[in-house]
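Before anything else, here's the structure in question.
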Amino acid sequence: MIITLKKETPQQEIDNIIAQLEANGFKVVDMVKDDIHLLGILGETSFLEEQNIGANNWVAAVTRITAPYKKASREFHPQDTIVSVDGIKIGGKEKIVIIGGPCSVENKEQIMTIAEAVALAGAKMLRGGAYKYRTSPYAFQGLESEGITYLVEAKKKYKLPIVSEITTVDKIEEFVANVDVIQVGARNMQNIELLKALGKTNKPIILKRGLSSTVEEWLMSAEYILAEGNSQVILCERGIRTFEKATRNTLDLSVIPLIKKLSHLPIIVDPSHATGHWELVESMSLAAIAAGADGLLIEVHHNPLNALSDGQQSLKLKNFATLIENGRKIARVIGRDI
Amino acid sequence: MIITLKKETPQQEIDNIIAQLEANGFKVVDMVKDDIHLLGILGETSFLEEQNIGANNWVAAVTRITAPYKKASREFHPQDTIVSVDGIKIGGKEKIVIIGGPCSVENKEQIMTIAEAVALAGAKMLRGGAYKYRTSPYAFQGLESEGITYLVEAKKKYKLPIVSEITTVDKIEEFVANVDVIQVGARNMQNIELLKALGKTNKPIILKRGLSSTVEEWLMSAEYILAEGNSQVILCERGIRTFEKATRNTLDLSVIPLIKKLSHLPIIVDPSHATGHWELVESMSLAAIAAGADGLLIEVHHNPLNALSDGQQSLKLKNFATLIENGRKIARVIGRDI
Amino acid sequence: MIITLKKETPQQEIDNIIAQLEANGFKVVDMVKDDIHLLGILGETSFLEEQNIGANNWVAAVTRITAPYKKASREFHPQDTIVSVDGIKIGGKEKIVIIGGPCSVENKEQIMTIAEAVALAGAKMLRGGAYKYRTSPYAFQGLESEGITYLVEAKKKYKLPIVSEITTVDKIEEFVANVDVIQVGARNMQNIELLKALGKTNKPIILKRGLSSTVEEWLMSAEYILAEGNSQVILCERGIRTFEKATRNTLDLSVIPLIKKLSHLPIIVDPSHATGHWELVESMSLAAIAAGADGLLIEVHHNPLNALSDGQQSLKLKNFATLIENGRKIARVIGRDI
Amino acid sequence: MIITLKKETPQQEIDNIIAQLEANGFKVVDMVKDDIHLLGILGETSFLEEQNIGANNWVAAVTRITAPYKKASREFHPQDTIVSVDGIKIGGKEKIVIIGGPCSVENKEQIMTIAEAVALAGAKMLRGGAYKYRTSPYAFQGLESEGITYLVEAKKKYKLPIVSEITTVDKIEEFVANVDVIQVGARNMQNIELLKALGKTNKPIILKRGLSSTVEEWLMSAEYILAEGNSQVILCERGIRTFEKATRNTLDLSVIPLIKKLSHLPIIVDPSHATGHWELVESMSLAAIAAGADGLLIEVHHNPLNALSDGQQSLKLKNFATLIENGRKIARVIGRDI
C-alpha cells in the first residue's frame, strides 16, 4: 500500500502517520524527492482500510498495490480451481456445465416434469428454489422444506445433482444434508454471517454477484467463504442494476475474462435473471460461452404462463434443448464442450 | 392493475388470460374499443406479479394503479406515524432527532467519551456498532456482545437511548433486551428473514435503504416488518451507488418529500455513510433538515484518525456540536426544532 | 396511448382532459368500469409527451402501447436494413464486418502501417480519429484535416473504406467528401443538430450509444437521422456507465438481441472503449459475435505504449489477426461468416 | 503523477518507461525500496493520460496528486469567482439568485405573463427555452429566433436579464447579441466545439452537469471554457441518471460543498429537471439553499397542464412565490439572502 501525502505536509504530521502505522506493526518506507512524500507500507495490508488512512487531511491518495483478497486471487493461487459435484467438474478447461430448472419448485409434478426434460436436453444439474427471496411479503414465498424434498426425489430419479438457494443460516443443516450445490443469491452476497457459516461446510457454493456490487466486493465475499476453509466457490454473474429499463438488469459479460485474470475460481452466468426476458436468454447464453463462462444457470419451465414466479424469463423446455445444442457448437469452437 | 394487450391479440388468447385470472379469484373487466383490449383486474392485486403476467407474449404492458405495499402507504394510513423511543418522538411535526456516535464501539473509554460529548451537544440518542458488516474478512469485525455492554453503560450514564445495527436473526434476543432502536443496514434491507423476525418484536426499527434499492423496494421491505405487526419503522436514506467516485455514495435527498407523499413513516438521513467525507457532512445535514427529514444519524469520533472504522467520514466532537446548532436554526425556519 | 386516471377523479376533470386532447386532434375513448377510468388515445401519439400529460394530478399513469419511434421500429419496417459501403454489406444475415484501426491518426507512417496490417488480418474497413473528443483541453485533440488526408491515402493504398468520427456540423462537407462511414460518438448521441444534418446526407452513419442512454433514447436518436431521409444507420454499443470501476464502462451485449427485436437497423459492438483493457477485447468480441452482432469496431495499434490516446485498450496487430480468426469460427457456428 | 510499477518489473522495462517520459519532457524520479518502484513524474502532467500510461502491463497504478483541471481548481485560484450579470452577482457570499421561467417559450403572451409573475415573486432572472433539445424528433422543438425575440421583449418590460439554452455553435452570434446568460444543457456538457466557442465570448455561461458525468469531467468541461479566456462560468447541478424510477433523475446535492472545496466557480441547482415532479421542487430548493447553492433555476408556468413541454415539473406561479419566500428564510439562517 502506498500513501501519497500532499505537497505541503509538515514533517511533524508525516512523523505522526509513520509512528501510528509502526505502532500497528507495519514497516513504513518514506520515499521523498522534491517535496513529494510517498509512504510505502510493508506487511499484511489487507487488514488496513483506505477509508481510515484517508481520514487524515494530509493524505492525498491511498493506493493498494496488491489485491485486498488473498485466497481468491490468482496471484496467490495461479492454477484454476476445479469444483467437483458428484463427478461433474466446473472450471478450468472442463466441459461447460448447464444447470436448468424452474425459478420455484411449485409441486412434485412440476419439478419432475421439468427435471426429466432438463436431463434429456443435456443439462448436468437441476436448479429449483424452495426458499424464495421475494420483494413483496404478499408474493409466493416458496414451498420451503417440502420443495427440498421434491428436489431430492427428482435428483434420485433423474440423476441430476441439485442446486438450491439458501436464505438464512439456520437452514444450513437442511441444505448440507440434501442439496449438492448451495446457492447464495444476489441480495445475500454480503450476508457475512451466512458466508462464514457456508465457509465451514464442505459443499460447493454458487455465489451470485450483488445487484450493485463491484468485482472487488464480490471477490471479497468469496474470500469470506474461502477464509473459513471451503475452497469450492463458483462465482455467478446475474446482471447488475443500471438505468436501462428495457431489460431487468444489465448482464456484464466482461466480468468473465476479468475474473479469469484476477481469480482462479470458476465463473458461471445466469442470463435469465439478468435479462428478465426469455427471448434474450439464448443469445446471452451463447455470448457467455464464447466469452469463456464455465457454466450457465438457466430458468426453465414447462408452462411459463402459469409459473408462480419469474415466468417472463423462463425458457420453454424445447427452447432450452435448442440452447444447449447451439451452445455446444460454440463451446467446441473455443476448445471446450458441453 | 391494468393489463394492456397487443392490438392483434386473438380472442382465444384474451379468453385464456381472463379465465386464468378468474381461476385465481380476481374479477376481470375487459374494456375494448377500436381493437385495444384493456383488462382491469379487481381484487387484492398485491399478490400478483407484473413479471408473471408479462410472460404472456400478447401482453403489451402491466400497470399498477395502486401501490404494491399497503400498510406502508399513506393511502392506507393517512396520518403520520410517530415512533416513540423512551419518550423521544420521531416523525410528523415532532422535533428533529439527532443520533450521534462512532461507527464502531472500540472500547469502553471511547464510547463513554463520545457519549458524553454527544449528549452535551444536544443529540437525543447514541449510535454505535457492535456487530460490524465489513467488506473484508480481514477488517475489524466489532466487539460484538462486549460492545453492546458498553453501549448499555453509556446509556445509563448519559440517559441516551441507544441505536445499534443487527446483522443476523440469532442476535434478536440480545438486541431486544439491550438496545432501544434496532438498525437494519443497507446490505440487509432485503434480508427477508431478518425483517420478518424484527416484525415480531415491539422495538423501533431503523431500516436503511439498500445501495441500489428503489423507493418501491424500500417500502416493500418496510411492509415485511409492518405486516408482522411492528408498526415502529423509521426509514433511513444513506446514499445510493452511482458512477460518481468523488463521494462514497450519492445522497438522494429527493426521497424525503417523496417518502412523505407515498408513506406515513418517518424518514431520517445518514450523511456520513452517504458522502464518506466529514467535510460534506454538515452541509448535507442542513440540506436534509430543510428538505423535511425527521432526524439525522451522524458518525462522530473524538479521534477520527485512530478510528477502527470509517474515520474519514466521522465528525469531530466540536464540529458535531456546531452542526446541531446550525441545524436547529434551519429547523425553526421550517416550523420544527431540534 | 392509455391514460389511467386516479380512482376519485371528478367527472369535470375527466371532461377537461378529454376536451384538451380532442382540441389537439386526438380521438379519446373513455373506458370506465367500477370507478376506474382509462382513456385510450387514438391518433399519432408520438407527438405527445408522457411528461406533460402526467402534469395533471389526476393522472395515475401514462402507458404507450406503440413505440415512440416509427421509422426505426421493426413494426414499421419488418425486413432487416442492410447498409452498404462500397459493396460491403452490414446487417441481416450478411458477413460480420470487422472495422479496425487506431483511436487517433497520429501521422502518415502510423496509419499506413496499421492499415496494411488491418487489411491483411481480414478487416473490411479502417477506422481512425482525426477530430478527437477529449475530456481534457490539454490532451491531444487530433490531427484534424491532416488526419483525414492520411486516412484517404490509406484507403487508396489498401482498398479499405474509412470510418471516422465527426464532432461538429461545420465539418459535414469534409466528411461527406472523404469518409465512407461517418461515426457519431457517444457524447454526441443526442446532438440533435448534428443528427439532423447527417440525416440530410446519403452517407452511412455509425451511431454510438450514449454513456447513460436507454435503448429507447438511442432509437429516438436514430429516428432523427431516419426522419430526415437517410436510412443508412448502423447502431454501435460501446458500453454504458455504471458503478463498476474495474472496466472503463460496462458492455451491454443484451442490447444486440433486443435491438434485433425492436428495430431493423444493424448493430455493431465496440469492445475496446467498453472495456478499456485490451486483455478483455477478444473475449468480448467473440461474445458479441455469438450474440448476433453485425460487426465489430476495434482499436488496433502497432505500438500501444506510444499511442497518443487510448493505448490501454488497443490490440496489437498480431492479437487483432487472432481475434478475427477466432471470431470467424464463432460466426460460422451461428450461420454467418466474417 | 505517481506511477506504481508491479513488483517483478524487469529493470529494462523500468528504464524504457523512464526514457519515454523523459523524451516527452518530463522529469522522472525513481523511488525504490524493497522491490517497489514508484515513479514520480514532475512537470505539466495535465497533458498526460492515465489510460495511455496504464497500457504498459508493468504498470500497477497511476495516481494523480494534482487535479487534471487548472483554471477551474481552487488550488490555482483560491478566491471565489463572482459572476456578474447586469449588476446581479452570483457566487461567494452574494445573495442567492433565483432564475425562473418556462421550459419553453411558447408564445408572446405566455412569456409575458410568466415574466411578470416571476419578477413580482422576487426572481432576479428569467429563463425560457427557444431552441429545445428533445429526445423525439416529433416533439415540439421550440420557437427558435422568435422565442429569443419574445424573451428580449420580456426582459425590456420586466427588467429581468434572460437565460436561454444554446444547442449549436452557429447560433452563438444570436445568443451573444440577445441573451444575458447562455446555458449549456446536460446533453451538451461535453460538446467540446461549443465549449471552446463559448470560451471566446464574454458572456456568463451556465454549464449543466451531464446526466452521467462525474464531478471531475464537469470541471474539465468548465476548463475548456476557462482555457479560452472566459472566466464567467456558473456550474448547474440538474440530477444524474440512476436506477431509481420514482424521480426523473437523482439530484446530487453533495456536489455543492464538493464543488466549493474543489473549485472557485459558483454553483446553482435546477430541482425541476432533477426531480421531474413539481411537488418535490420546493423541498429540494430549500435543501439546495441550505447546502450552500449560489442560485436556483426553476421551471414555472402559469398553466402547467397546457405547457408544450415539461409540464409535470413546472411550478405554478403561486407556488413559485412561496418557494422564494421560504427560501429567503433559509438563506438568512446561513448568513446569505435572496
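Going by the order they are written in, the chains are A, B, C and D; count residues from 1 in each one.
Assume a contact is a pair of C-beta atoms (placed from the backbone, for glycine too) under 8 Å apart; a residue touches a chain by one contact, two chains touch by 3 or more.
What you see is a predicted model; the values in this text were computed from it and never measured.
Set side by side, A-C and B-C show the greater C-beta contact count at A-C. Each chain gets a centre from the mean of its Cα atoms; the one farthest from the centre of subunit C is B. Centroids of subunit A and subunit B (each the mean of its C-alpha atoms) stand 26 Å apart. For this pair, subunit B with subunit C, the centres built from the Cα atoms lie 39 Å apart. Subunit A and subunit C have Cα centroids separated by 31 Å.
Shared interface positions of subunit D, defined as residues touching 2 or more other chains, are 212, 241-243, 245. By the touch rule above, subunit D contacts subunit A in their complex via residues 2, 4, 6-7, 29, 31, 33-34, 36, 38, 40, 42, 60-61, 63-65, 241-243, 245. Remark: subunit C residues 20, 44, 46-47, 49, 51-52, 54-56, 68-69, 133-139, 167-170, 187-188, 190-193, 211-212, 217, 220, 223-224, 227, 241, 276, 278, 304-314 touch subunit D in the complex. Those residues of subunit C that touch subunit A in the shared complex are 212, 214-216, 240, 242-247, 250-254, 256-258, 261, 274-275, 279-280, 283-284, 286-292, 326, 329-330, 333-334.
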